[in-house]
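In the two complexes below, chain A is the common chain; its partner is chain B in one and chain C in the other.
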Partner chain A sequence: MNPIEIAFIILAFGSYFQHSRQKYFILIIPVLAFFVSSFHAHIPASIEPFIIPGIAILACISCIRLAPMTLLLLFPQYDHFWEALLIPVLWLIVTPLMDNMNSRIDDEYIPAYIRGVPIRLISLGILYHVFHPLSFI
Partner chain B sequence: MVDAKHISPASTIDQVQSNSGYLWIIVACIPLLFQLPSSEVPVWAVGLVAGGWIANKHPLRWIALAWGIAVFFPVMPLLLLACCGALLKDWKHCIYAAVLGSALSLSPIPGEINNMGTVLIIIGLISIIYNKVR
Partner chain C sequence: MKSGPFIHSGHTTQRLMVITTLAMLPMMAASIWINGFDAVILLAASILSVLAMEVVCKWRITFEYNALVVGILLALMLPANATWWIAVLGAIIAIGVGKYLFGGLGQNIFNPAVLARVLLMTLFPAIFILPQWVVDGFSGATMLSKEVGAAMPSLSALFFTPGPGSLAQGMPIAVLLGGVILLVYKIIDWRDPLFYFATIALLALLLPGSDQITGHAPHLLGNPLLHIVAGGSLLTAFFLLTDPVTSPYSSNGRVVFAIIAGVFTMIIRYYTPYPDGAAFGVLLANAMVPAIDKYMLKSVVSTT
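Our next item is the complex of A and B:
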């Protein structure tokens, strides 16, 4: 899974991850995971299997509500620093776009069976295809 | 017309949670998106069902369970099971996701639709059909 897919999973589960610390977690954890993977060769083999679970546990303890999002952010393999920055950049672009759209997609002229989560997921799916070319950079 | 004063915050939260009930389908698609080997999908599914019973709604328990499974099945990524489990709301959704994830791993899905955007659009369409039929 590439970082764009992770960013859109987080956006799809947006209602679960509403927390004041959310933006700090999204900014810090991918960068932290990138630095851990880039210093992989310098970490002693005896403690290497404990690094990512250790970070996951610490992040989960610091904010239990954001634990699923933290685990998602630690999950992909970040090969370049750009990939670690892609998740917060996408989140910062798409979140205001979706907030702007939410006021319109909940209007009464939209049929009740489309309103809310279904149209939100379809909008996110279309936005994924709009931003997908960023993964080729 | 419904008066906004008569809508309690609790009922609004219930409505949001019932509408978010389709999101376990996203979790079921995670092994497919991650291209987990089909030999590892049963391990993922059993881990998800076991975790739904043991570690339900406790992310630290999910990490411990995933760690335990990764010891016996090193090919299984540790955080894959932990993040899948932590995303699910209750044990029923764990079972649904495990069954659908296993079924999806067995079915030949073309690579062109094997991406998050298409998955989100398909889930949106499924939820529209479900809402319409219901």
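Our next item is the complex of A and C:
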């Protein structure tokens, strides 16, 4: 998975949750995970297996509504710092974009069988295709 | 008191669509002249499928001028080597997903024809991105292709010589003529093409090149005219960004909208393997319209 795919999977999960005040906490998670992997050699072997799960648990406790997304962020291997930073930045751009788009999507006109979450996920899927070329940079 | 709207532009939707269709006639004629029967097949398949999809989605016999415009635009954005069923699939995506899933005419967020083009490009990259033929020394999906050894076309070749790319890209002068017709009849706002071209030209001069360009087609660097005329820039500026449903309400909003589309187009052209980012730029700008309207209308209200 590339950072853009990860950011959109997180957003897809996020559409099922009400945003909490602590949502911006999620921004530091990929960067933190990157630094942990960077300092991998300096971490005592006995503690190393617990570092990533520990961060995941801390993130989940501090922001329970975003728990599934926080866990998703811990899966990828980050090769570069920019890759780790791209996920929260993209998330930060697309989240308000989706919020504004959702306010424009008038459920009154949407076919009954796709009102609510389905049409929002379709919009998100379209946005994924728009941002996909950036994964080649 | 009588209910709104209280201010009317004088244009009806039908008049807008008829003049837009007339403005696309030069492009259709040029594409048929260049590509022959293949272009006729694509245009016919796209237009008939779009009209048929309208009937299926509405579940009654109807003729929509808007659908006719979508059908023609979709065909003009397809490469000449696309088969007829790609046009049919594009029509299903454009009308079924782009228009009716979002609530029908006036409710759609994304330009249906552009959405179909982008999704088709994802499904069939070999048809849209890979080289098609060799014309006068340059080859590729468009004149913007980043192929090793690609040559800079001459100024006359850029405007008049039939070139590679989608049906509309074959003869840029025909697109320009269509754009002039729309401007003369005041169907489109001059701000959209002007700020879109200005953004593209400025970024073509300022953006540092990437390996995608410097190692493959260095003539794409610092060449504003090529970036404006080649690829989908002209069609986007005159026919896609100006769609009244998927663009902002306010004049200032339209300026921001055109700049966003231009910036994203150039980022894709300079830093990704994709030859042209115009369609992606339009969809991103479409997605930002609700946000642009929200902040621009708020600023208009606060200053009055």
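Please note the rule applied: the second predicted complex is superposed on the first by the 128 of 137 C-alpha atoms of A that agree within 3 Å, B and C clash if a C-alpha of one lies under 4 Å from a C-alpha of the other, contacts with A are read in each partner's own complex, and residues count from 1 in each chain.
The definition used in the following text is that a contact is a pair of C-beta atoms (placed from the backbone, for glycine too) under 8 Å apart; a residue touches a chain by one contact, two chains touch by 3 or more.
What you are looking at is a predicted structure, and each value in this text was computed from that prediction instead of being measured.
On the superposed chain A, the positions of chain B and chain C stay apart, so the two partners fit side by side. Looking at the superposed arrangement, the partner reaching more residues of chain A, out of chain B and chain C, is B. Of the two partner chains placed by superposition, only chain C is touched by A:N100; chain B is not.
Applying the stated contact rule after C-alpha superposition, one finds that A:I119 touches each of chain B and chain C.
In the superposed model, the angle subtended at the C-alpha centre of chain A by the C-alpha centres of chain B and chain C comes to 100 degrees, rounded to the nearest 10. Of the two partner chains placed by superposition, only chain B is touched by A:A12; chain C is not. Applying the stated contact rule after C-alpha superposition, one finds that A:I57 touches chain B and leaves chain C untouched. Contacts of A:Y109 after superposition on the shared chain: chain C is touched, whereas chain B is not. Of the two partner chains, chain C is the only one touched by A:L134; chain B is not.
In the superposition on chain A, contact is made by A:I4 with chain B only, not with chain C.
Taking the two complexes aligned on chain A, the least Cα distance separating chain B from chain C is 7 Å. Overlaid on A, the two complexes show chain B and chain C touching the same residues of chain A, namely 114, 119, 122, 126-127, 129, 132.
By the touch rule above, chain C contacts chain A in their complex via residues 97, 100-104, 107, 109-110, 115, 118-119, 122, 210, 267-268, 271-274, 277, 280, 283-284, 287-291, 294.
Put simply, chain A touches chain B in their complex at residues 1, 4-5, 8-9, 12-13, 15-16, 52-53, 56-57, 60-61, 64, 67-68, 71-72, 74-75, 112-114, 116-122, 124-129, 132.
Residues of chain A that touch chain C in their complex: 96-97, 100-101, 103-106, 108-111, 114, 119, 122-123, 126-127, 129-134, 136-137.
For chain B in complex with chain A, the residues that touch the partner chain are 16, 19-20, 22-23, 26, 30, 33-34, 59-60, 62-63, 67, 77-80, 82-83, 86-87, 115-121, 123-125, 127-128, 131-132.
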